[in-house]
Structure formats: C-alpha cells, structure tokens
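First chain written, first letter: the chains are A, B, C and D, and each begins at residue 1.
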Amino acid sequence: MKNAVILGATGYTGAEAVRLISGHPKINIIGLVGNTSTGVTYESLYPNFHNIDLPIISSIKDIDWTNVDVIFSCLPHGASQEVISSIYDSVDTIIDLSADFRLKDPDLYQYLYGEKHIFPDYLKKSIYGLTEFNRKKLLGAKLVACPGCYPTCSLLGLLPALESSSIDLDNIIIDAKSGASGTGRKASKSLHFSEISDGCHAYSIANHRHAPEIEQTIENITGRKVKVSFTPHLIPMNRGMVATSYVKLADGVTYQDLRQIYQDRFKNEPFVVLENQGISPHSRHIKGSNICKIALFEDRRPGWVIIISVIDNLTKGSAGQAIQNYNLTQGWAETLGLINISMFP
Amino acid sequence: MKNAVILGATGYTGAEAVRLISGHPKINIIGLVGNTSTGVTYESLYPNFHNIDLPIISSIKDIDWTNVDVIFSCLPHGASQEVISSIYDSVDTIIDLSADFRLKDPDLYQYLYGEKHIFPDYLKKSIYGLTEFNRKKLLGAKLVACPGCYPTCSLLGLLPALESSSIDLDNIIIDAKSGASGTGRKASKSLHFSEISDGCHAYSIANHRHAPEIEQTIENITGRKVKVSFTPHLIPMNRGMVATSYVKLADGVTYQDLRQIYQDRFKNEPFVVLENQGISPHSRHIKGSNICKIALFEDRRPGWVIIISVIDNLTKGSAGQAIQNYNLTQGWAETLGLINISMFP
Amino acid sequence: MKNAVILGATGYTGAEAVRLISGHPKINIIGLVGNTSTGVTYESLYPNFHNIDLPIISSIKDIDWTNVDVIFSCLPHGASQEVISSIYDSVDTIIDLSADFRLKDPDLYQYLYGEKHIFPDYLKKSIYGLTEFNRKKLLGAKLVACPGCYPTCSLLGLLPALESSSIDLDNIIIDAKSGASGTGRKASKSLHFSEISDGCHAYSIANHRHAPEIEQTIENITGRKVKVSFTPHLIPMNRGMVATSYVKLADGVTYQDLRQIYQDRFKNEPFVVLENQGISPHSRHIKGSNICKIALFEDRRPGWVIIISVIDNLTKGSAGQAIQNYNLTQGWAETLGLINISMFP
Amino acid sequence: MKNAVILGATGYTGAEAVRLISGHPKINIIGLVGNTSTGVTYESLYPNFHNIDLPIISSIKDIDWTNVDVIFSCLPHGASQEVISSIYDSVDTIIDLSADFRLKDPDLYQYLYGEKHIFPDYLKKSIYGLTEFNRKKLLGAKLVACPGCYPTCSLLGLLPALESSSIDLDNIIIDAKSGASGTGRKASKSLHFSEISDGCHAYSIANHRHAPEIEQTIENITGRKVKVSFTPHLIPMNRGMVATSYVKLADGVTYQDLRQIYQDRFKNEPFVVLENQGISPHSRHIKGSNICKIALFEDRRPGWVIIISVIDNLTKGSAGQAIQNYNLTQGWAETLGLINISMFP
C-alpha cells in the first residue's frame, strides 16, 4: 500500500480523486489538504462520501511527510508549483493535476498563466501524463504532469492519426464541448445555475490555454510545430466532454486506411474504445468512467474525416488519468482501481 | 387584417407560430389544424396559451378556405406538400415551414427524404425564405419555403463572407449545437428527458438533411457547387442553436477586412447583430426572439476565422422567420409582430 | 407617462422589472441604478436586452430626482430601506420589491433579518402588495411593499379559503418548490450549476423568513394569529414556483363548497386562474407571465384538500406583481403592460 | 454463485439491476430478457455497459430454467405476474420489482391496476420487501415483492415513528419529488425533454397507486387502517427522490424524543442515515447508492415534525433494495454488492 496525500481536495477534481482512490486497492489516503476548510470532515463538504473512512481536512503545514509516498495535487495552477517545490524531496511521486508542469517552455507558461514559473527546471523533468502517448516514460517517473481535460479528449481522438502521419497538420480543427464541473467548485456569478442551464456558448475562443498545450503535444508526437483551431463550449451538463475534430487526410490516405490505423492502435488500449462505424458516442454514457470513446466519420468533403472523442472531464480528463499514470509509475496494472460501470441514466 | 390558418399547429413549431402570430397586428388566426387532436382547445395542448382567443383545433377538411389569406404549414415534410398541393389555389400565400419546398432538385429531395415529391413543379416556384438573402424576391411571393433551423443559423453566419467571395468555398466547416425542441413534440424513447439531459452527443454526422440544403444555398449565393462539413449536436436545453463555423479566408482578405464586410452588410439588418469584437453570444440570451447574433474571431491558424452564430431554433430558426417572410410578401414592415425582449433567465 | 428609476437593476428581479417596464405603455425608465456596475450598458450585463433603449447603469448619487415619479427597488433587504429613507420625499411612489417593508412589526423584522429597521414608522404606512388581497388600498398608495415570491404563491392559493373561513387555521401545511433564479444573481458556491442541477433538496426548513410573512398576512386576512408549516425546496429550473398546500376544511365545508368559493372569488381576477377539476398546473407553462394558476384536489383523507398554486417567481412573484401594484396606485387598468403569452417550451 | 435472470432488462430499472448485479460477488447474470430487443447486445441499448460480459438479450422462451436460481423481474405490472406464474416452480427465488405482488388484497389490486390478478394466492405468500421493516421474514423467502420507489422513500422516513406509535396516524402528509427516470424508458410525448426540463408539477394527486401501498404497509406496521395524504411531483432531474413528510406527534412525545427514537432505530441500519440536526439531505448526493438519508425538523407548528427522506429511486427505490432483499433471502451479508461511493457532481 502506498500512502497518498491529496492537495486541493475540496474542488471537484479533488473530490473525483478521493472517490477513485478510495476504491483503489493499493493506495491509502492519509491526508486531505484544503486550506480554506481545515478541521472539518470531508463528508461535510461532499455529503456523497457518507461513511467513507477519510482523514479530516487539514492544512498543508499539518502534514507529516515522513509516511507520504505520493501526492496528487488538485490545486489550481500557481498554487500547485508552490507546494510541489516545497515538498519535492519529501515524497516519492508527485502526480500534478494542475497546469503547472504541462508546458515545457517557461516563457510560454508565463505568457499563458500570467506568472513567472518558480520551478522551471522541473518543467523539463516532468512527464506529460497523456497515458496512451507517454506510457513507456511513466514507469518510475517522479513528477507527472497530467494533461488538461480538453487536451486529453482532443489528443486521444487524434493520436493514431498523428503518430502515423495520416493527416495534414495544418488542418486540425477541434470543436469541444464541456460540462460545468470543468469550471471547478468556485463562487462565481457566471457559474450560477441560471447562467449555464438552458443555453450554450463558446468561450475563450482562439485563446484558451489548452490550445498551446495541445500544440506542444502534437509537436512532441510528430516533431513539427503546429497551430490548431480549438474552440471550447460550455454545455448545461455536470460531467462530460465531447471533442469534434475535423481533419484532412494526408495524400494517399483513405478513410478506411485511417479506420484500420485506429483499430490497430487502440485494440490493446484498456481505456480507449473505437466505436463501430456509424455509432456516435454520448458523453452521458461514460460518466464516472475512465473510458474515452472515439468515432470516425467520413466527411461530406472528400479527404476529410470527422473524429469524435468523448470522455468524462473529471475522470479520464483529470483524476482517472492521474491514477492511471500513478499505477504506471509503480509498475502496477494500469487499470488498477479504474474498472467500473458508468452509471446511466 | 389577413386571415391565417396554421397547419400542424400541435407541434413545437406550430406552437411558436401561434404564439408569435397571436401578437401580430395584421394577422388573425382563423384556423388551427392538427389532425390527431381535433375538437379540443389549444390551451388543453399548450397550457401556456391561457385566455388567448384561439380557434378550436380542427381537421383540414373542416376548414372553409373562402376566407383564408395565408397558411403557415408546420406539418412534417411529406404531409406538408400533400396539403399544399390540394389547397394551392385556394389561398393567396403559403408559408411552408417544412422541408418540402426548400430543395430545388426533386431527385435530391427524393434521395434525402425517401419519397418522390408529388408537386415538383412548385419546387422551382417556391422562394427560399432565408430572409436576409432573398428579401427582394419575397414581395408578392405565393409560396415561401422557410429554411431549416440549422441552415438559417449557419448561413446567416456565412452570408457576408459568401456574398463578398471572402472565403474559400472548399473549407467551410460547421459545427452546430441545437436544443431539444428542434426534435419536435414527438413520443420517442430517444427524446426522453433522461436520454437528453446531462450529456451531449453528435448525430446524423456527415449525413444530415440540412447539409445539402446549406450547400444548395451556398451555390445560389456564390454560383459554385460546394460541399460543406456539417455536424449537428444535441444539447440539453429547450431552445437555442449555436453554429460554430470554421472558414478559410480567400487570398488577400484579412480578418479585419472580413469584420468590416460583416459590419457593412449587417448594419441595416433588423434581426442580425454583429457582436463587438471579443464577445461570444449565448443562445440563452435570445430565447423567443427573432434575432441572430454573430461573432467573428481570428483563429490561431493564420488565415482562418471562427464565426459563431446563434439563434432560437423555433423563432428565427422557424416560426419567427416565417412571419418575417410573410411580412415581406405583403409589403409590410419586416419586423411587424417580431419585436420583443428575449426573456432571461 | 411616469418616469421610473429601478434600484438594484442588476439582479434577476431587477432585470425582470426592466423587461416588463420596457413594454409598459405608461412607464418610462429614466434610471437604472446598480452600484457595482456603473457606467456600463444594461445590455453588457443582460445581453437579452439587445437594442432596447435603456439608460446607462448609474450610481444612486447620480440620479436627478426632480423628474422621477416612481422607484422600483429591487435592492436586497437592508440596502432598500436605506435608500428609500433617503429619497422618500423626492418621489411620488415607491414600489419596494425587497423584504424591508413587508413586516409590520420592527422587532420581528430585526429578529428575522438580523438588523434593526432604520425606518420603522414606515412599516405601518406601507401597503402590503399582495394585489388580490389589498387591491382597494393601493389606489394612491405611496409605499408598496411587494410580497416575497413564496408568500405570493402560497397566499394566492389560500386566499378564498382564508377570506371565507373555510379552513382550519391550525392545519395549514405549505410545501413549496422554487427555481434557482429566486436565489438572485449572486456569486456563491452553493449556486454553482453542478450544485443545483440533477437533484433536489429542502432548505431553511421551518426557518424561512417568508413563513412569518405568510403568517402575518393570514392574520391580516382572518384576524387570527397562526403558525403555518412552510418548507421550501430548490428545483433545477430557472424560473417557476409550485406551492402544494395541505389544508383541513372547517366543519361543515365540503370540497365542492370550497371549489365554488374559489370559482366565485377568482372569476373576475385578471391574473388568477382556477384550473378545471383534475388538471395539475405546471410551472413551465406560465414562465414570464403574471398569471397564478390554482388547482384544488380532494385529499384521500376525508376533510382535507390539496391546493396547488404555481407562479413565475420573477413575474407574479416579484416584478410583475410590482407593476400590477403600481398600475393600481395610479388608477390605471391593473393589467397594463402585463398581458403576454407565456413562452413554452 | 447464484445464477440470475433479469426480466424486463431493457428498462431503466432493469439497467440499474444489471449495473448492480454485475458488481455483486455472488450473483452471476445468465439471462437478460427483453422481448422487444432480442438478439442484440446489452451495450447496444445501454452503451454505458462497455466491455461488461453480459448475455445477449433474449426472449423469455429461450431461457433454459434448469440453471436459474433467481429471477429479478423488472417487468411492468401485469406482465410480471404473467411470467412469474409460469415459471414459479422453476426457480428458487423470485425478486419482483413490479407492483404485482405488493398489495395483499386482490380486489384492491384490480381496482388500482385495472386488471384481475391472475395469481392471487401468491399475493399472500409474497414478502413485502421493505427491507428495514421486513428483514426477518426475508431469510428463505421465495417471492419478494419489492416496494415502489415512493413507498420506500416515504415509509423509511416514517418507520421509527410508526413502530413506536409516536405519531398521529390520521395526520400523515407526504409531499414527494421524483426524478424522471422513475417514469421508465418509455416513448411518450409527456416525457420529452422539453416537457420535463425547466419546470415542475404535481401529478396523480390524491390518486397515485403508491398511496394505497403506503397505507397497507402502515397498517401492517401499526395494526391500524389509515389514509395518508400523498402527492408526487416530477422534477427535472434524472435520478433521485425527496419525500417531505409532515407528521403530528402523539400526545406526550416531543421532537427530541422522536429524534432519539430515530437514532436508536437506525443506528445499526447499514443503508439508513439519520442526518445531524439541521442538515437537509440532497438527492444529488446519493445518486447510485442504496442509502436513504433522513432528517427530522421541528415544525413551526407546535407538536408537528417535518421528516425529509431522500433516496435514489432506481437504487434503494428499486434495484438496490431488490438486491438487498435477495442477499437476505440467501442469508448473506445484507450489504453484499451494494457498498459504493455515490458520484457527485
């Protein structure tokens, strides 16, 4: 058993980490850190955790690091690097769910997140935890930077096409739709029920911080610098994410070729499902699961393909992938603690 | 005052037509036809119509056509042409909200809708009622084929770019999101609250009947045959539609050029609003209104632009535009009966 | 034309007041006060107000009171009395939508709202604006205290029974359900979309500030001090309120007697609808309307009746009734500016 | 391991049974019966069951009963008794989730459900599976009639008060709120997303079939015939149920007495939680769990208490309690296969 502390445990991502780790056979939660709610039970913040044996929420300074094997940091960016820099040597493994160690370039980080990175040497050392891409680098990794939810959903949909050079890198258009839990458990007028329900809108258009993260990973996969079109939309649903990607096939590649490439690439992936031809996946059918479902459709425009990928933003898009990554750092079965049946309706 | 009969009055589109026409100063509803619910009050089907003076729902055969000036047909495709062919000479004006007279090519109609068109001569005679495009042809028109909701939303977003040859016609990608009222008031397992709420999915991918309608209209605007990418998504909201279109600027055209073209083109349009730069319109802010809001964003990929257009699928996407068109056939002010404040929240 | 200033115009209640007054033929909005958003257009806060001619949002100190005939105060309690006390003599009429002038007893006010009332003399002078009860006192009234949404919905359902002494005052149980707009446009974790959607809960059980307000009004109607059971629930909907009241008939009164009493009492009320026997009203069918629908059902328990009343919490439950009251203070038709068709779906 | 066949597996209740039994350590699903969808995979109907090893959906006539130990019947009433009568002797245990064996009086059954019961002798033999009430009778039971969702939620909230004669049986008022999954996966206009979302309404007022079921059970607990007030409401949420019950304390019983009675009664119940004083449970915090949360509040009216009970209608209200009951028939730990963390948000 490994002893885990969850930082930022009071947000939605933290709650999903607690939910999943509570059912993990080899991880024991020994600390829940949430600076604004110390001293209270977790159940008082998340009444769904009834009768689950969990530590009282504590302050970071009250953690005794001698027994801690791993931290899962669900802190916001900025806060996460601050804590991680201070306890880096005290723990074996750090699974960071924030944006703090995803980007390799400190200048890009500063540009996007508005603050100088205080721990830039570790940007290079971190392993980008898009599991299906970086699986081999995860064994023994000390610092894993888990991807954002949008990059996870989008990149899994594109991965075989990118790895196999099957598409034109200058023509990648990602139209993404996310549930409201992705905004975090924040007090904000714009997150009021009445501001989100019964309507739809795009936001951070051509300007979302996850776009450069997607581009960096595409560069890491293909060796080429690219720009992608990326437009997120907020949908009146709690969990779930759909990325509809429009891609142009490389010369000589057909839709059926691409389908075969996807089948081959994903056939052994435990958490990626290629839908049968003609089936469009619903985000509501994978809630709470670590599964990513992917569908390929031939576009009306010759030479183009529509790729649909759906995940649960809090699970595969965050805490589920984090655990998947931690399993790999330890050499455990990748699926440990992550097999469940999604609940519908 | 003109006397109107509304066919297919019992569906959501019909109900929106009744709501809007009830407030129209020059149209009087003298017949509500709904074959499955004859003999009952409209309020019994739509309790929101409390205390509104409306005819009892009747069968088509009970209509006395001598006093009817106009019919608004909210029947499903197929049923609509059947009725229209039988009463064509009895009325002055026919505003068809179904798909029956939108397409000019009877073979395409048959291919898409699965039945031979019974009234093909009139396909050519009908005026396609995308008001902002075909306004001049509407005065005196006898048969107006109102566009589908998706074509309305998508085409309004593209119209100035198409008219001005500012974009590459081979690179038009439309990702659309619709509320559930667009499905109609049907009994269907797949429309059950629990099948639509708390999730999102694409449907009819690369295969939706509105794609050829969009293409036909682009051809009519530009003179060129095109194929567009069109992917609709169902969103857990009642009303509203968002079309996010990705377009490539023609050589020599800049984003600011395009912005100027849009400003000029729409500045006198009563129902089209170009948002200030940086503002993303929400579908929830135009519910019940005939307004289409449009925003232009420069893409991360040089030379591409993201166009967002939002409408209420039942209003501008259907019954509102139908009335706007009828106003024009009569030479009335286009906005008659259509000025209201959208209700939010 | 009367010139109106709307205080607290930036909340949901304020927005509903602006929406309704914008369509009122005898009221002109000359000031919109919202201290935290001064200097911006109303459309920037509420994009549904596109192209509506409205003043820029200003600070209270920038209002020139010489031309103001009426203020509609949508401020929170406490803030409302503060402003009203300072401008009381500057305007002809004050329609207060807050809780500040509803209760007649300053001690009860202080107990419930936690602050000493600064303007207690005016508690007595204010007219409690439950229109259907106090209609006769409204003509010429200077200060109208509009009821809370829950009291409006509950009391309208009970009014004929109370006035006619048809029910046992010791057995009044009100189970109420409200949409989320009733919470106001506040930044709060507990109002986050994900905290309200896809679930239901009771709150302020036996402890809600509207219960003493209901009791005070029952005392004013019947002359007897009472305690009622009142339990509000938050429902994942934007607008709408349902009060399900359980009452015991007085000795000798039958269900059919009560039905007759309700029919007689409401037959001339422009905004109260008694449903036909067996029909249960939906809140979704009166959204945006000033109508209250009421249904009476004979309980399984002999001698008890179930009364269901539904309103739109922002309209009849707040801004609509406020305008109805103002119409009456001026001797205008009560329905002026308030006749519309509710939008569904 | 016991071999189970699930009848009516294609509805929401059936799907919840499949979900829960799939994770049960001692039950093996060997048949899924759904007459309208035979020959297809369960995943094709419920895509959330990805990669779960389940039988193809078959017709009842294709079941080989020799190896079947238990059937869980999720069929509608009427259909359930028909199948059960035909295979009664072929299986060891029958857990019926329909209404067919809940009522002891065949005349009442016929009155409420409109058909003569074809198997009336077995009405008496069935054990009413309100587990917390009838636990001792379940060991070895052959035919268990699982309660309806409303009776489960309501009666658990009342159970200690009824058993201890702490309340006046003539003053029990139950105001219940249910999510839409309780309606079943049916094609119906009235279940369309737009007919349920963004609104609330009561239905089957004073007339719901679950009221007599509640009354029968109260009689079985207390020995006295009673009538209760019971009013269900449909709420725009998928899962979840809240019963708000208003009860009058018996002479000499105080609120604190009742609280103590509840604490004592429930302290060893694995699935019933008495909330700390002042806490109101949310249905959204127990989704997918077999837990019933109960809260007691002192009413404003002296001598009355408000009891709030919440369950997931598909779990404790249906399939979860069914498994809890089956566990007890076999002498297994009651909680087997039913311990999980509810997912929120």
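FYI, a contact is a pair of C-beta atoms (placed from the backbone, for glycine too) under 8 Å apart; a residue touches a chain by one contact, two chains touch by 3 or more.
Keep in mind it's a predicted model, so treat the numbers as computed, not measured.
Student: Applying the touch definition from the top, give me the chains sitting in contact with each of subunit C and subunit D.
Tutor: A, B
Student: Based on CA centres, what chain would you say lies at the far end from subunit A?
Tutor: C
Student: Tell me, please, which of B-C, B-D or C-D gives a repeat of the A-B interface, judged by over half of the contact pairs matching in residue number.
Tutor: Answer for the repeat of A-B: C-D.
Student: Between subunit A and subunit C, what is the gap in Å from one C-alpha centre to the other?
Tutor: Comparing mean C-alpha positions, subunit C is 45 Å from subunit A.
Student: Measuring centre to centre with CA averages, how many angstrom lie between subunit A and subunit D?
Tutor: Once rounded, the distance between the two centres reads 37 Å.
Student: Name the residues of subunit B that each touch 2 or more other chains.
Tutor: In subunit B, the residues touching two or more other chains are 12, 181, 194-195, 197-198, 236-239, 281-282, 285, 287, 345.
Student: With touch defined as at the start, can you tell me which subunit D residues reach subunit B in the complex?
Tutor: Checking each residue of subunit D against subunit B gives 12, 180-181, 183, 185-189, 191-198, 236-238.
Student: Under the touch definition given earlier, write down the residues of subunit A that touch subunit D in their complex.
Tutor: Spelled out, the residues of subunit A in touch with subunit D are 12, 15, 19, 22-23, 46-52, 181, 197-198, 238-239, 273, 281-282, 285-289, 291, 293, 341-345.
Student: Touching subunit D in the complex: which residues of subunit C?
Tutor: Result: residues 170, 173, 175, 177, 179, 194-195, 197-203, 205-206, 211, 227-231, 233, 235-240, 242, 244, 246, 280-285, 287, 295, 297-302, 304, 306, 308, 310, 345 of subunit C touch subunit D.
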